[in-house]
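In what follows, chain A forms one complex with chain B and a second complex with chain C.
The block that comes next holds the complex of A and B.
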């Protein structure tokens, strides 16, 4: 069951829109917010930067995601946009900042740095208190986390050094097919049949894509195969970690309905997502920051 | 004799491992005197250097020099007075000095796949004449290969034998699919020991001396005893050493286990650890908040990167199966053969799992860090199932990372760091859960 600050499963989107409206009204009056009124969580990933702003009572009042991760201006942009989203003056300083993601060590203003494992687990549990399995597919890593009923991280499994089954894989394929990443799922929805594409290597998979296209396959069918390929890869990872419902998906790839559906089919169980799924790591970091205030 | 206060071999692991390849002129003959004046780690380093120096001297005298796999029965060559060097040790030293990538790429240009062991690629490159100033070795005149350590070894040595047109003495130790070593297996390997001795006698005009063999075996047993005693201090809380120290000192057990000076130096090392316990000091100059087992061969080119997050989180490595695996003792010929039948890659999964589980119990390990070693697929291959069994039987977290023992291209520091942090978080959660059941 989703909580109340803009969280939804696939069947609860109206709740999200309502929560957004409530938050919008609130933030219109928040220009005078004091610096000590909020904390910030920052997730600097390999491809994107995410930021979540929490009020001291734990309410989510601002969020942002921007393209550009480690080594870019993305983190600063995400912070600025999240403050703007929260209706907080851009020069207001948060009470505490916690950073996660591959670029966490570059966040010089962070008061604490935490691995994305515990941050995604915390963020997912905040979004879905009944979550027991968290699947996070980010730009560079895919990981499956098992969390206990008490909210402890029990175990995890992560991809090996290969980029297969990660967001980078999707980006490469989108480039090969010359379509925006955000339009992949919609295009794949018209697929008539799923092609068989390797799940072992991005480079091999891209070669296979070219071969399929050369034989006249449609881009939709190729994409269907790609989503199945990712699902097979991540599904094997999930089997290693052990799957227990409720299964929640976080990370940027969670927003891709094609991968989500393919993974649900692969696991044979429902997968819950939230519009904040991509922000789960930043949310977890913000919760860490809040816990330290 | 006092404990070496400046050892700090964890902080200087990379430098120490690299220093093993330095041109040290100290002769083994002097080692006996040195043990009372030099720290054991210095004496041990000099002993390894001397093994290679002696091989070069033998080559200059026109005597044959052999290349040997690490767990070929070293007692045979030692008893026959044959100079031998160890390509695995050489490859590790080259890799620790950051020469691994250069030689791996050299071998790949010869046509060898980058999927095969990086030790093999480095050695094949060296055998083709590629410079390896990090640890130079004389060209081989004969090869001693035992596949108890891995089967890639067989083709690796066959390639070198063909390239140099030199004899290859092969001892085949089949994979043990039972915990016990059956008598038929002992007989099969025993016959090969005898054949190897006869062949070396014939090739190089040496005469087998049973009394000398007994003396060499006694030395090897004494070395093993001292080595296991030194390894055993990891069980102390806090530990007076890090398992990474043992990785460094393993070079002696691989290359010089039949030499009395090695026995003495390892006894000195164990004495130093004992003294360190009394004084409450350790080569691990950090908090020992967590005690972990490091499973597998270390990434020699990345020792500093391996240690960095462990230091930050106070996670001391107090168990490494790779080190005590070379501390095997025996009472007779049958026992010796059984000892050589037991190597990490030649025992069944039940034996391998319990081997490590016992180490974790004895050394009070909080979590296990598994190196999925691209160079060692037999070893890494059964780790997934071992992981599952350890979690169930030991109730501690197990986390794996991708890497390579000698090819730095197969290791990503940030990915490793994330996994170490995950392990620490799991150990903390496990600890908190045990104590009061509090959540994250």
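The block that comes next holds the complex of A and C.
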């Protein structure tokens, strides 16, 4: 590991647990902390806001994700919760703040703003130093990033303006099926039949869902088809960017095991995730902030 | 001319013309000159000029498609749809005719819809040959140009003489040479000739009288040449695509300190990168125009048995201009460009030239995705620059 040697070592799906371990050893005393001995990364997305707090030695000491992205109070809430998670007084000022995500330019208190592509690349590499391909499916974008061993972007591909293959697509389908987004993967796990659903257009896909339901298909089978549809769309994007193992998934949709497994099948490759995958952009921003101290 | 005067000249002359072609059309008509719309691509503008008429490029416009939606599906070439919208809303009312080349598979069906939507504006169709380099292709194209010449004569109400065509070729070649010079000079002064100013200077050539455009551009080029060399610390890119003239899109390049140091854009360098050839002994001027078209290549619209030609051209542009990468501005929904992209990307990746693709449509209002992608590309180029510097210093270079 180039820039984070010894701070947080990788193990499959273990990034956050290790960070927790580091934090636990610290026994943070918020009133003893200087106001400037930490940095903050803020990822203001289209649907959620994420925040990661790093100690100056690079250890992750706080994190938060809240529903509410651009144009909401989500960013402020995420900052406040991440500080609370780190055991830092809410009025303490970080040494540097870096912002990323669709709403990065609205973060007026940020010292630096970076694209979510380079931040996800950096964050993913911190979680998985062997990562060479990062698939980030967020609220309104899906991106495939090729990263170097230093965490820098080598190339990338991003979806066009269509919402197919994005988190927004999942939300629409969840609404159509009347189930919470968080319960989709569990329900789809009981699917016994492979339904074919369009991967080209959200509107077409939604009407196909209604047609399948009208013909008596189960919601589980419909969801299985939806996950494969997203996987086909993102898989094509990945082919365009070029795929090189290890493949890591970040963004909110990484937490959906159904999409993850469908995508792994589509690519014919194992996909690694961390409990911190959704925070990868904020983590990358925090690392950018740290590099500027 | 000072830097301030350079910027002032661009604003007053070139930006004004680039942003207000309808006013120029009014001015031509007020002066008693007929105007002919020039559709993409590779139309023989020289014949329109030789007829004493004003050619006006038709590359769509920024706005919303309403009436044209009755004629085209949503996933169709943006330029075709917007050009028809312009015809339907009356923007093209002052034109005496429209010259329509056929080399683009999307623009060819457009001509049928245009005739149906605006039967009052004469449409002069030019069926260009894809097999253009063989002698039979040149002969066929020469015949087609003869027919176009006759139809233009009918619109102009005057004969187009061989001498007038020869003069027009000279005027246009001089314009092409001056625009090529501008592109080179712009690359070495990116903070003065910003992406938006660069685009305005080149785009205005589609609307202004060519001799005036060339004369003002020559003065401008001389002034830019006299400026002190610039130490540009931002990124340098080659832009490739059909159109890259949106002020909103170009401001994203500017905000991310990406200088456009060369281009492979259809309504920019592709239209002037080569001159009409010198005449062979006693050669008819129409044949010169036919050979000029035959000499075009490295273009998604033109059949080329050598698949690597455009990739070589792009790599050459990167090398000659000192660019660090290539940005493909992908017109939605341009099939020829989309189909060219995979092999171009493969060729650039193979030699380690960073590249990115951003989508563009003239109906686009939100450039958030383009901003994210260009910001990431700019960061990527900067990171590579630092890595290269670091590698150079560690090896003592």
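Please note the rule applied: the second predicted complex is superposed on the first by the 261 of 293 C-alpha atoms of A that agree within 3 Å, B and C clash if a C-alpha of one lies under 4 Å from a C-alpha of the other, contacts with A are read in each partner's own complex, and residues count from 1 in each chain.
Heads up, the rule we're going with is that contacts are C-beta pairs under 8 Å (C-beta built on N, C-alpha and C of every residue); 3 or more make two chains touch, one makes a residue touch a chain.
Every value quoted in this text rests on a predicted model; they were computed, and no experiment measured them.
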Clash or fit, chain B versus chain C on superposed chain A: clash
First, second, both or neither for A:102, with chain B first and chain C second: both
A:48 touches, of chain B and chain C: first, second, both or neither? neither
Touching partner for A:118 - first (chain B), second (chain C), both, neither: both
Touched partner set for A:156, first chain B, second chain C, both or neither: both
Common interface positions of chain A, toward chain B and toward chain C: 102, 114-118, 141, 150, 152-156, 158, 160-161, 240
Contacting residues of chain B [partner chain A, same complex]: 372, 384, 391, 397, 399, 402, 410-412, 414-415, 418-419, 421-422, 425-426, 429, 432-433, 437-440
Chain A partner contacts - residues on chain C that touch it in the complex: 332, 342, 345, 349, 354-357, 359, 368-369, 372-373, 375-376, 379-380, 383-384, 387
Residues of chain A defined as touching chain B within the complex: 102, 114-118, 121-122, 140-141, 148, 150-156, 158, 160-161, 240
Chain C contact footprint on chain A (complex, rising order): 102, 114-118, 141, 150, 152-158, 160-161, 240, 242
